[in-house]
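What follows is a set of notes on a single structure, which appears directly below.
By letter and in written order, the chains are A, B, C and D; residue numbering begins at 1 in each of them.
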């Protein structure tokens, strides 16, 4: 713990700049958010990737989105086994406690996690098959998606697997009883998107994922 | 999967606004990010809470921060047991593949997850003790932190536990061999912060967490 | 060469201070920058003037901006004549080797170079017309800009010429085939700014320089 | 000129942050700098490289350093031929108009320009020998330095050439009559430094460049 260091100065300067502008101009809103707690209207599950910030592309204000970010925006299947499941905990909190109205899974192009999964499943990344590979074991969630893309022409497999990362996650979401119940009662809707980083486009799943349409 | 719905219109409209402005003005940068891949300088671990967006408070551009967000910004201890560990996968990818220079844990005030942990540990939330409670099992990570705060005056316990969420996570980070190795070789530094949502302030851990100082 | 002297002590002291703080806290980042090379997202062309440091006003970290500074932030026209062109070399390196996404020309108020150019062009500085005046010959680049301002009311001519220094430079930038190609392919965007030193304001060119708008 | 675009939003936000903090806290100083003009105590010639910002390593305030930055921090020999010499113009202005007390040439390790010069001079970069290569022609300034290093063991040549970039520049500076005169009259001193990016160290030339000593 002697390893904890002070923040780099440029981040300190930028924080002071934020405080003197965005915070000062909105301190009433921030104080109200602190006192009343959050009431976000949506949960977003997106990738840790530094090129995908959903607050930017959706112009989200503080307080709007409850955001869980993990490698490749994946949701594991429901498994109430008493172990630690960070993604499942975030979903449980969003649905049962915050009662969000939308649950949006946002995938993206050029995803390093998906590319790693493709390499692993096609036999080109034995190191990811090791029991000790956290990334490999995490990407196991996407293995069922690889089955849907492995017979496509080679250049189409990874883009298709990026969409599978969204579809597999939505399918797994529906294995959580409280998610299914919220969806079926009409209290929450599910949405699946893939963001194209280079072209700045967004496609969404329609017909249960059989079609992807640009928004 | 018939449950997937189109995105609400206000989000579509905002996305089109983003595309016509931020994307158009920076398309060269986005294309380069897509072609060359990401080279973020820091990984940030923060809470899913909708009131804490680190890209805002640090004026971060697309491509700067690799961000993992989970309930209460927690890191579990190193456990290469072959199970799915989303947080550990994100850390492994950031440290070993992206080789980030900074790993920053950002806690915050008014954290619902920390409050739940406090209620659970002090015997006021039996439902969180259930084996099937994902939030409860996730918050087990912070139990050792409760031991450090339980004898404080009542009003100080929760703020102290919010700081413990950062310190326990940093302590757990150092149980990952690749994190320890990167820190000890000087290739990565660790930082611990707590963001005060209502007051717009930021404190950072010094002296291994014995002191917290406003930046 | 016997004239080379040790650094003044106050600069040595400050350097040691920087090393013990900023460097120590960020040594991981500096080492990575040394090992992997620079990947700046933008080139900035600004004036040598001691009152204009773009890293400050834009909170830029080490590694973000590739910065060329000369008198009056000028770019000469494309001239592949085999002579030494320091500005053209910097632009060539930024665009062709570093592939920056943004090229930003930053002018400023109270510019001594621009004032000298105005004096020269209006017949009040014959010494700058001498063949041996390096400043005079350098400011020749801005002569076409004087034509656009010479009929304005006297008090408006120098501020207008400061903006012309940015516009003439951008016009000249577009005479470089590799700049034009990067801009037309959408791989790089051009930006023109004037920084008001005394008032701390920033205006940017819009509509190809017909309007200047405060950011 | 229709190609000029608005500044990316993250830079606008950071500028507003700077304005609300650094500028507001120092507006009296900025206004005085605008009204009285600059009186920098030193001119610094350094590289455009995004990893070398001398205002950072020397904790320089606005108004302290008049900074010229070009590829590889080079000064060409005195050549009053009526052509455009941006570096010579900056030196003339600093010495004759601003009358700086120090002229400091700051080289650095891992310099892309120096590496290119080494490749060119050792016959490994024919493209840099082209008449139309601005970088190649600019690096011609450093050719005499290559003669001093070409017989060293291979691994020592580039670091030695980085130091030669400083020494050749200082030698060329002394071919400018007004520089020589200011130095010989004791009104200005010359300094030569090389900054080690990865290790955060600074060495300075002593004994006319025969020795380099850590400051």
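Everything below uses one rule, namely that contacts are C-beta pairs under 8 Å (C-beta built on N, C-alpha and C of every residue); 3 or more make two chains touch, one makes a residue touch a chain.
Here the structure is a predicted model, which means the values were calculated and not measured.
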Completion exercise
In contact with chain A as well as chain B, sorted by label, we have C, D
Handout entry: Type of chain A:chain C copy interface by residue overlap (half), same or different
Key = different
Handout entry: Of all other chains, the one whose Cα centre sits farthest from chain A
Key = D
Fill in the blank from the handout: Rounded to the nearest Å, the gap separating the Cα centres of chain C and chain D is 14
Practice task
Indicate the whole-number Å distance between the mean C-alpha point of chain B and the mean C-alpha point of chain D.
Solution key: 41
Fill in the blank from the handout: Taking each chain's mean CA coordinate, chain A and chain D are separated, in whole Å, by 45
Completion exercise
Among all residues of chain A, those touching at least two other chains are 5-8, 13-14, 16-18, 22, 24
Completion exercise
The chain B residues in contact with chain A across the complex are 1-8, 11-12, 14-19, 22-24, 27, 30-31, 33-35, 37-38, 40, 43, 48-51, 53, 55-59, 62-71, 74, 76, 80-94, 97, 102, 104, 109-110, 112-113, 131-135, 137-141, 167, 170-171, 174, 183, 189-193, 196-202, 204-206, 208-209, 215
Practice task
Using the touch definition up top, name the residues of chain A that touch chain C in the complex.
Solution key: 5-10, 13-14, 17
Practice task
Please name which positions on chain D make contact with chain A in the complex.
Solution key: 13-14, 16-18, 20-22, 24
Exercise for the section: Please name which positions on chain B make contact with chain D in the complex. Expected result: 21-22, 24-26, 29, 59-62
Fill in the blank from the handout: Listed in rising order, chain B residues that touch chain C in their complex are 25-29, 31-32, 36, 39, 41, 59, 61, 63, 99, 101-102, 182, 186-189
